[in-house]
Amino acid sequence: MPRKYGGEYDVAVVGGGLLGSAIAWGLGRLGKTVAVLDEGDIAKRASRANFALVWVQSKGLGMPAYTGWTVRASQAWPKLAAALQQQTGLDVCLQQNGGFHLTLGDDEFAQRGQLVTRMHNQVGAADYRMEMMSASDVKKALPLIGPEVSGGSFCPFDGHVNSLRTFRAFHAGFKAFGIDYFPERPVSAITRNDSEFRLTTPGGEIRSEKVVLAAGNANQALAPMVGLFAPMGPTRGQIVVTERTMPFLPHPLTTIRQTDEGTVMIGDSKEDELDDRVLKHPISGVMADRAQRMFPHLARLNVVRSWAGIRVMPQDGFPIYDQSEAHPGAFVACCHSGVTLASNHAFDVARMVAGGALEPELVGAFSASRFGCEGATNNSGY
Amino acid sequence: MFRRSELDHRPSVQIFVDGAAVAAREGDTVSAALLASGRDVRRLTAVSGAPRLPYCMMGVCFDCLVTIDGVGNRQGCLVPVAEGMQVELQKGKREIGR
Amino acid sequence: MTMPRRDAYDVVVIGAGPAGLAAATTAAEAGLSTLLLDENAGPGGQVFRAIAATPVTDRKQLGADYWVGADLVQALRATSAEVIHRATVWSLDRNLEIGVSIGGASAFVKARRVILATGALERPFPIPGWTLPGVMTAGAAQTMLKASALVPDGRTVIAGQGPLLWLLAAQILRLGGRIDRILDTTERRNYFAALPHAFAFLTSPYFAKGLALMREVRAKVPVVSGVSELVAAGDGQLATVSYVAGGRRETMYADLLLLHQGVVPNVNLAMAAGVEHRWDEMQLCWSPVLDADGHSSVAGIAIAGDGAGIGGAGAAVVRGRIAARAAVEALAPASAAKLAQMAALRADLAHAERGRVFLDSLFRPAVQFRIPSGDTIVCRCEEVTAKDVLDSVAIGATGPNQLKAYRRTGMGPCQGRLCGLTVTELMAEARAKTPQEIGYYRLRAPVKPITLAELASVPSTEDDVKAVVRG
């Protein structure tokens, strides 16, 4: 029997994906008693469909604070990777030697150049040394690029990680911290009674002093139950993955990365479609075509799987971190970049939740109050 | 491990396994020809480097993966032999571009 | 390489085994435009493997049941059905669009009806050492025997149970191959479970043939019954087989171990197309939910043959005819008159299925040969052990898909074909749930690998490009 079932927890985290897991793990690290409430085997799990980049470049156009938050996460990742390895013995294979965004043809190169200039000119954003590179300079770092590559942008902070192993490490870490993980327990209602929250699940009620909503796109429905607001605008993305091959790609790209296991992941589309069971081969075809033009050697590799995932996406593309005024102790966290920001979630957000209040200097800009009543547009450039 | 029945009167086809000439028969799959050759035709897996031989011979297990005419990770049990075919046993992960 | 001549057909049949041959013949005879796609070099599927090319031409050696296939092929060749071999179907969707890889290039064809006849594969037999070189399936040995007249040469052990095992043993012996011992894993209690169904079996076509085969084999090979434990061992190559029978452990040297404990539907393409499947508690596998005509939960997709639930070659042929007749009734009702009546076909099916329950009961594989433990490999591709799976259940994996995220099971090139059933049953046992509650991998195209270049050649629109290229 779970240790505190039917009793009370310091914190109930709704959602056991990468975001909820990182926060829960961080709370466990601080000695809190935590329950994680999750869905079952079939769910729209962004944590199982992500691209595993720990990525900085081009993040935060239109919201300088997001740039700073992202750079902070990138810098905290080595500490997270080390802590997970020490605790669970799992190497999440963090690699942060810089990443590329490659362009095909002159138009794409010029367009990317404009984006880099706009990012540089943005007042108040952290400088993360994103720079344009000519094709010949790119070739020095990535010798196998094809003749159609016109160049690209590079950022020395960029990297990637084994995201599935990170996910597993968090869950393995739950055990060590005594965190109760409840799969097949989606939350249908949350009420507040005196000083505790009561969460209704198919397996019975969970009571806690604080609650963190980390349920991805489902936060939109859960947030109002505790006086919060989380406008979401999910999109769909397809990913293609090849068989294992010998290491050939020393840096990750925005759309191509070679995993530590040797497989090559090729991403990623952005579609309005929200059915994750159906695949659109023409879209995979465009991704495959671009990948083989970037690296002609890839053409003969076998594709072993492809899939579609639903992105967790706040309506304007930027993260939402908020706390409830009506119901103190209730927090909401939503973001698209659950891999990149995992370190901040494990260290910063967990510390804030444990302390009972978000820290405005770090996450004040991400309050949902920014949505006001104006229509939001997605321009985060994730 | 396997030998050819004397009933088999199919024409001979010559293939090369890691450069060495091997006599196969018309209609053999690459995997059948390898298993009939009497040579050590084990591959090494891409995950741990463990040695393997074909397991199912019907296209579902992927333990027969082999490089055929320069193309890696082909299912040897589904590809018929052809005169002069170059077969290479795979040691670990496939190399890119092969 | 031959590509499909048209981009749309009335009926596309996938798989040229007994069901597919019969279905394509029936559809084409009724005048429907029919395409038969098959992965192998020639027709026959597994049971009639190499029927048009086998070097084993003395009909007594492979047996009369095998040569039934030649008539099916002849009947098909008399029709106008278009047949393409070495064609790997890698995608099928709800719009009945089929992606097929032929000679390293992909084509897409549309069908008004799809009849899946993707057949069966041998049930995983996850014992310690089953990944060692020298351990193969019995079906693999039979494929080599039929297609290339190859027979076991070194010290050979056949282990497991089921009709195929005895047929294979007889065929190996007839061709002068070597078998040192047969280890029969049939559980003694199965004989009692099967007893109530014995009458149907005694009057079925299986009975006399099965008995004769067993007699033929037992006259030449020592058979050990009641084998309750089985271990393959060796350093990089099979060296010994150990087993326990009647409480006694024996170890013998062996060069080749052939394993077999029945066959199960090959579900990958059907599942990827979204066809609903249910756990079959009798046959211990996933079977598609079908109506009497073989229609699945996806409109326009029917399934015939062992992919519809194991029924054997005779039943497969009839199910192929039924599915095709149903397609004709829907697409060209006037032409149905020239085909065999549905009532007659259903009577044929009942006859062909006679004795199946007895066989399923008698040859129900023992739990210790389905659900491994400890260091025994479950997922051959990603080399994941039973202990790894159980450790994942302990940290919260509730089903095969979460397990994939933790351990990569099913993410290798075989796409779960060799581990899926084991994973479901192992997790069900660990979580005290039914296999139906645990579920299966979510399968998606490509169901067989295709090259990146092939995928890149899929035609796309401006909107598709816009969905990918964005700043």
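Letters A, B and C mark the chains in the order given here, with residues in each chain numbered from 1 onward.
Just so we're on the same page, contacts are C-beta pairs under 8 Å (C-beta built on N, C-alpha and C of every residue); 3 or more make two chains touch, one makes a residue touch a chain.
This one's a predicted model, so the numbers in the text were calculated from it and none came from an experiment.
With respect to subunit A, maximal separation of chain centres occurs for B (centres as means of Cα atoms).
Compare each chain's C-alpha centroid with the centroid of every protein C-alpha atom shown, and the nearest one belongs to C.
Mean C-alpha position of subunit A lies 43 Å from that of subunit B. Work out the mean CA point of subunit A and of subunit C, and you get 40 Å between them. Between the CA-based centres of subunit B and subunit C the separation comes to 23 Å, rounded to the whole angstrom. Multi-chain contact residues of subunit B (touching two or more other chains) are listed as 47, 73. Of all residues in subunit C, those that touch two or more other chains are 412-413, 449. Touching of two or more other chains is recorded for residues 243, 261, 298, 300-302 of subunit A. By the touch criterion given at the top, residues 16, 38, 40-42, 45, 47-48, 58, 108, 111-112, 115, 164, 167-168, 171-172, 174-175, 181, 183-184, 240, 242-243, 261, 266, 268-271, 277-292, 298-307, 381 of subunit A touch subunit C in their complex.
The residues of subunit B lying in touch with subunit C in their complex are 1-10, 25, 27-29, 32, 35-36, 42, 45, 47-48, 50-63, 65, 73, 77-78, 80. The touching residues of subunit B, when paired with subunit A in their complex, are 46-47, 71-73, 92-98.
Of all residues in subunit A, those touching subunit B in their complex are 144, 243-246, 248, 261-262, 297-298, 300-302. Subunit C makes touch with subunit B in their complex at residues 39-41, 46, 50, 53, 55-58, 61, 86, 121-122, 131, 133-137, 139-141, 143-144, 147-154, 175-177, 236-237, 255-256, 266, 380-383, 412-414, 417-418, 448-449.
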